[in-house]
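Look at the two complexes coming up: chain A is in both, with chain B in one and chain C in the other.
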Partner chain A sequence: MVHEENKNEPKSPSNEEDEKEATYRIYSILSYFVILVIVGFPVWWYTTRVYRASLPINEMYEVHLKNKSNRDFGIPLSLDYDILITFVHPDPSGLDIDLNGGDIDVNLQPFLKQIAPVANFIVKSQWLYLTDLGVIPKKVSDHYALQENQLPHVISPLEAKMWSHLSERPAVNLVLYFSYCSTPLFIYNDRNMKVPTNAFLSPRWGGVYIVNPDKSSCETRRFKPDLSPIVSTFVTQIQHLFKIKGVKAEDIKQFKIRTVEEMVGSTRRTLKSLAQLLSEIGSIVISDEVGDKINIAVDNANLSEQFLEEGDVDLALKHAKIAFLNSEGAFSDPSLLALLYFPHDQKYAVYIPLFLPIMIPVFMSLALVKKWYRNRKIPKVKSE
Partner chain B sequence: MLFLKALTSYILISFLINLCQAQSINFPKGGQTNNWAVLVDTSRFWFNYRHVANVLSIYRSVKRLGIPDSQIILMIADDMACNPRNPRPATVFNNANQHINVYGDDVEVDYRGYEVTVENFVRLLTGRLPPGTPRSKQLLTDEGSNVLVYLTGHGGDGFLKFQDSEEITSQEMADALEQMWQKQRYHETFFMIDTCQAASMYERFYSPNILAVGSSLVGEDSLSHHVDPAIGVYIIDRYTYYALEFLENVDRQSNKTMGEFLQVCPKSVCISTVGVRRDLFKRNPDYVPITDFFGSVRPVSLLTEVKIQPLTSKRQEAKESNQSKTINKYRYVPPLVNFNTVITPRIGTQ
Partner chain C sequence: MMSKTYKMNKIISCIFYLLILTIKLARTTSETFTEELLIKPLYSEQLYAHFQFTTKWDVDPSTENFNHTRIFPRALGELLKRYNIQELHVSLTGGLWRYENWGYPVTDAAPGAEVWAWFKRDTPDVDQNWKRLANSLSGLLCASLNFVDSSNSISPEFTFQPRGVTNLSSINNKYLRYASLPREVVCTENLTPWKKLLPCGSKSGLASLLNSGYIHNTRYHSVALHLRPVCRDDSCESLALELQQSVSLVYDYLILGSRNWSLRKLFGQGVAKSCPLASRSEIFVDTTVSSTHSFELNPPPDEVVTSIRGGHESTFAKYKESQSIAVLSPPPLHANQYLTGYGQERGGIVTKIFNNHWGNLDVVLLQNIPWYVPVYLHTLKVVTNGVENNPVALRYIPGRQRERAYYLEVLLKLPPKSTTAVSIDFDYVFLKWQEYPPDANHGFYIGSAVVSTNLPLARNFTGLPQDGSTLADSFNASRSGYLVQVRTEIMVITLPTPDFSMPYNVICLACTVVALAFGPLHNITTRRLTLKPKPSEKLFVKLKRGLTEFLQK
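Presenting the complex of A and B:
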């Protein structure tokens, strides 16, 4: 009531100044509001969003994946492999063995060169002395027998000593076991028949071959094993582990085609699962490098499939390897977990205590602005 | 009299027949091809000795049943065996009788001390470790792996405390397992957790093929079993104690089922109620052999024939000269003299 009466009086200089100050006050409140809410809020939202580089999400999703059959699993897919040859010699003081890992490597190279386009094979060898097989064989007439059901228990104690996990590549373990002079060992299958090759393998791990020194070498205490059966057994074991049917060009080509299909399939599956994860979990970050890798993987997978249809296996293999490398690199990049400690529901708990105390006076001053605006309107109406 | 004899013999025979039939039940094949175990102890300080004993006892059982060290990831947050307060240095016992030293000579701890963090744990599960991490610290599972995850420490409603300074929430745990599922890093998972309010950790799981068991429900505390006065701390937790009692009677050929394992530790002895989550698990736990998760057998196939490879007779000259330079670089050296032979002193004059 008092204010209205004042406004009906002729304007005095102090009132004019008051009005000017009032307008300045209103402008300052409005500017706070504009900067904090209209400018600041979008900037905050934009800078605290989870960064995701642009991705071909649709391409990643809509892929036709071949149903993975429940086949006996093999060596994991990789671009390099270690072939670790371990010579296990339980009785070094009783028998001197003249064998060089380098000789076996030289003889393995022709076969490895044939399958070299598929992956990089690095051959290493080591000697393990005073180590036994860990299972007790049964005596049969003049030799000792290892039953088929004892064989799985041979591998674990050996593996503990072989340090095949020292390198960063998956290892294919080829073990050569020299039996004691006094106990020649032979492997018997479950029908109680001697296995002529005296070797076995475990898919995904590698193979074991048992060599018995002959009587004359035992007497002279020097044994020079024949390289041919050793190299042949190793090559056959590698063929079985990688599921290659033979050494002919046709078989190698079949192996390459299968590898291309597996790598492209794995790439597509990885990218599809990444797309699925991105839609489910909001706090996964996709940096620009990861985005580039994903784009490269998608393009190369398509190229590889195209070349395979045309029949150019080598080029298809080359692109499949690039696609596989990039898709695995993108999925297992450590930067995806950059927002590990900042899940979505805790975001509000962090920002509300920061911004709410600032916003309260701003919003309350808006009420003042509204009141001033209404007061300005009223005398104008009345004067008309 | 004769009738009674006939009746008892009939009962005996039918009982024996039932017993034989029970042993010949063929469990349907689980479909896994290898087994892995991730065993984590998350608490430090001497008075949390029992958590280290828990995880080491499970480690011993799992190793005994066949999972090799290369497929076990063992994370222990503090060193109890070499703790200055340990009156029995280099040992960790899980029983006041101190029968078994669960630390032993061949324990392989993959993540020790301050390396046991939430970040490393999640990175391990999701496979996003920095490049250059040794393979023994990576979880190299694939779509055929059955994974056993065992966590122990101090927990609360919806979180598990790591190292007394950080927590992993149940949502992060569920997200990590979902990332494993999407990348096909497990075939089936058995999730065991022995902490207070353990059931809250598995409540948020949403990925398939997970069977989870927790030692207590939300709002309950898991209690420790007994104190060892010689060492001065509580030595093992109740749930793990009874779980170990069960596992002690399991060997590689055992036909005990997961259903029986889930019944272990009833409320009368455990005081807390054991919680189980089985809705995400497709199979019926009563028909799943316990060795599907706790043991491991390597598949083996015999080599039936070998194709003879021709030897390369040519040896490169360069290779030979290299070999002659490095000849005898590594050779066998016989072990030291056996000092066990007693040398009798010669008595008498020279």
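Presenting the complex of A and C:
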């Protein structure tokens, strides 16, 4: 049986050998402490930490952001868009419509080329047959009326059939609805007046334009709609959706400036929220590629702002696009969540049963060191 | 002066308008959509119903950018363009088709999900496109096709040749990928987006009969999508794109309740309206019992008729109880697959192929074995009627753990009226603990084997000819050979399942050992050991002393 030294009776070491042994014991206690706590603990912490590449966190935090209000709500920001034209034809047996999506594409190109530096627009078209507007219009003398408060309910049933989520880019939906021959449809605003354009738009989604076939086409059951009002309505709707005032060069320049400001603002907002997330959730991994993207985004946002102040709009737009692309790429990278299901508590739960039984004797034996040190002082005092 | 320039401007604008007009006329390409339903009473107590929806678009698939579509669904056009696809075949099936009793279906499908695609020649990275295509299809059809990747896909050389028009001199199976997921089920969630791809949706026409409450109450139901380039006409000077969507159902008279069937009983409703976009909309009822190529007009119906607008007259009739007894003759070729062996160390897969034809048959057997079932090629044995039979040709690519599946294709010559057993042995492997599915004891699935042959006879065969698109093309369509692909059952093996509480056990054991080793070591090196005389006392007195000492401290 091994017994511990009786702590209640402080014995002064009787001979030199005893004292030398005591010093060796003290050295070994101290060496345990140094290896386990001072060297081992940081090594363990370093090897089990969540990897984070170096980031300019302060710069990401300290940004001045404009308050976003509801009025700024519009088509989401992106580097390219799909303009999806959907022709809704509820009665294909009653009327044959001669219209080609490719022609509308050709006629939209001049306007799209003007705003091409801001984003890349691709025009696509499809037909939806046997689909009605989801609301029941009211009969007014010889035609039917859609009230303004019924208009929001038109969009959801149409959206379910349009496959607009299938494209890789955000879609701007332009719907062209051909009403039944027997029920010409007009939109009435809330002052009960017929809206001359017969079209409406939803700022986040797109626009709807209602075309009524004329009586002669209804009789021959063949309708060839006139392209120019359709194209001009669509161009006007795109202008409203993207908040472009007109087609003159000055308006396009304003549009570019506004896009630059929005992209830089979105970049900074994204990076700031990422910085906040990093400080709150400990298990988000920032790999080196994501770190590079964030650095590029920060640098390009600053460059773009600088160019905008100098007045060089095109260069500012170029840098703003790079910054926006990189910030979105960094924020939505799937590698960020690689360790999401391994929170810190699990790490502690695995290592505590290993380290706790080791650390308890090491720390308790430090008390012995203190006692030995006091004992060394007393004889010294005594001897003096 | 002003009037002259004005006239010139007018002429120029007229010419421009004419130009646009001609471009417009040249752009309109014709699309046709046909829908057909085939109802065929099978020999046993079952009824086979097959819907076929075919869309043919006269456009060159290699140059079209699919930006503007009319009847053809835009969703599939986007997939074709984005992933550079030449042919696409997807099927989702629940249940097993019994070849011995039911003959051959119009289109065959393996139980579960099956996807195979041919990519175009200029595709730079076929594996990446394949993975992304599988993910897009899983979003399109609400099925878990995203589990398809390069570790369970193979490129068979003989079995899945391009079904559509292709440049024959350069078929390279490097551009083909095939994968099957036997674990998948098919239900309403898959049928709804599939129906949205049809031009009339599910509102009118034959698609309005597809009510999921009735359709999934069957012994076999399969929803499929086949996309391929075809010839535009007989001269084949230009191409067209063909999309076939089909639903195959096998109803049981026991489930229906009686041998009298009607559309209302099968599908819950009659056909309400006709689809205005369909150029042809017909229902065929197979009245012959012994041969398959003669179709007659139905007997006058004894229930309310819904006539469908379109080319031929089509009616449906409610059948009275049939008095004749049909003679069952099994089809020329069918196959089964099963596991052999016992224990959790070694096992075997046996595929039995039955040739009931009076002549020789050349067949191709494709086995798609997942990477966690390592097979050994030297144990491959082909035995016909007790006699060993050497395969004509053999293609084998061994799998690699977690990277590649095992691919085995065997070309066999089957003698007449024979039974051939192809057997191969495998080992059971241990998987990493994260690779087990949530219900680990359910087992792992092995997909079905595919046996393909060119049958000289068309008995019990209702399949479409290679150059046909609709069921109507299959009538009186005698050819020199009929391609038949037969799929076997799927199998489930239970791999050795680990004890999932082991990580906890390991932590406890390791920590205990370390603590037990460290404690005495630390004591010896840091404490002064002294001898203390042990007083000889009785146990009771010793305990009392120890207790009082402890209480004093």
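Simple rule for what comes next: the second predicted complex is superposed on the first by the 306 of 384 C-alpha atoms of A that agree within 3 Å, B and C clash if a C-alpha of one lies under 4 Å from a C-alpha of the other, contacts with A are read in each partner's own complex, and residues count from 1 in each chain.
The rule is simple: a residue touches a chain if its C-beta (ideal position, glycine included) is under 8 Å from a C-beta of that chain, and two chains touch if they have at least 3 such contacts.
It should be emphasised that the depicted structure is a prediction, and the values quoted were computed from it without experimental measurement.
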Contacts of A:334 with chain B and chain C, given as first, second, both or neither: first
Partner chain in contact with A:371 - chain B first, chain C second, else both or neither: neither
Contacts of A:124 with chain B and chain C, given as first, second, both or neither: second
Touched partner set for A:106, first chain B, second chain C, both or neither: both
First, second, both or neither for A:197, with chain B first and chain C second: first
First (chain B), second (chain C), both or neither touched by A:240: first
Partner chain in contact with A:248 - chain B first, chain C second, else both or neither: neither
Partner chain(s) touched by A:187 [first = chain B, second = chain C, both, neither]: first
Chain B versus chain C as contact partner of A:20, first or second or both or neither: neither
Winner by number of chain A residues touched, once chain B and chain C are compared: B
Overlap of chain C and chain B interfaces on chain A (superposed complexes): 92-93, 100, 102-103, 106, 127, 129-130, 166-168
Chain C contact footprint on chain A (complex, rising order): 1-6, 21-22, 25, 28-29, 32, 92-93, 100-103, 105-106, 122-127, 129-131, 161, 163, 166-168, 350, 353-354, 357-358, 361-362, 365, 368
Chain A-facing residues of chain C, complex: 20, 23-24, 27-28, 67-71, 73-75, 78, 82, 136, 139-140, 196, 199-201, 203-204, 276-277, 507-508, 510-511, 514-515, 518-519, 522-523, 525-532, 534
Contact set on chain A toward chain B in their complex: 68, 70, 72-73, 76, 89, 92-93, 100, 102-103, 106-107, 109-111, 127, 129-130, 148, 151-152, 155-156, 159-160, 164-168, 187, 189, 195-197, 199-205, 207, 227-229, 231-233, 235-237, 240, 246-247, 269-270, 273-274, 276-277, 280-281, 331-334, 336-337, 340-341, 343, 345
Contact footprint of chain A on chain B as seen in their complex: 31, 33-34, 66, 68-70, 106, 118-119, 122-123, 126-130, 132, 134-136, 140, 142-144, 169, 171-172, 175, 178-179, 182-184, 297-309, 311-312, 315-316, 319, 323, 330, 332, 334-335
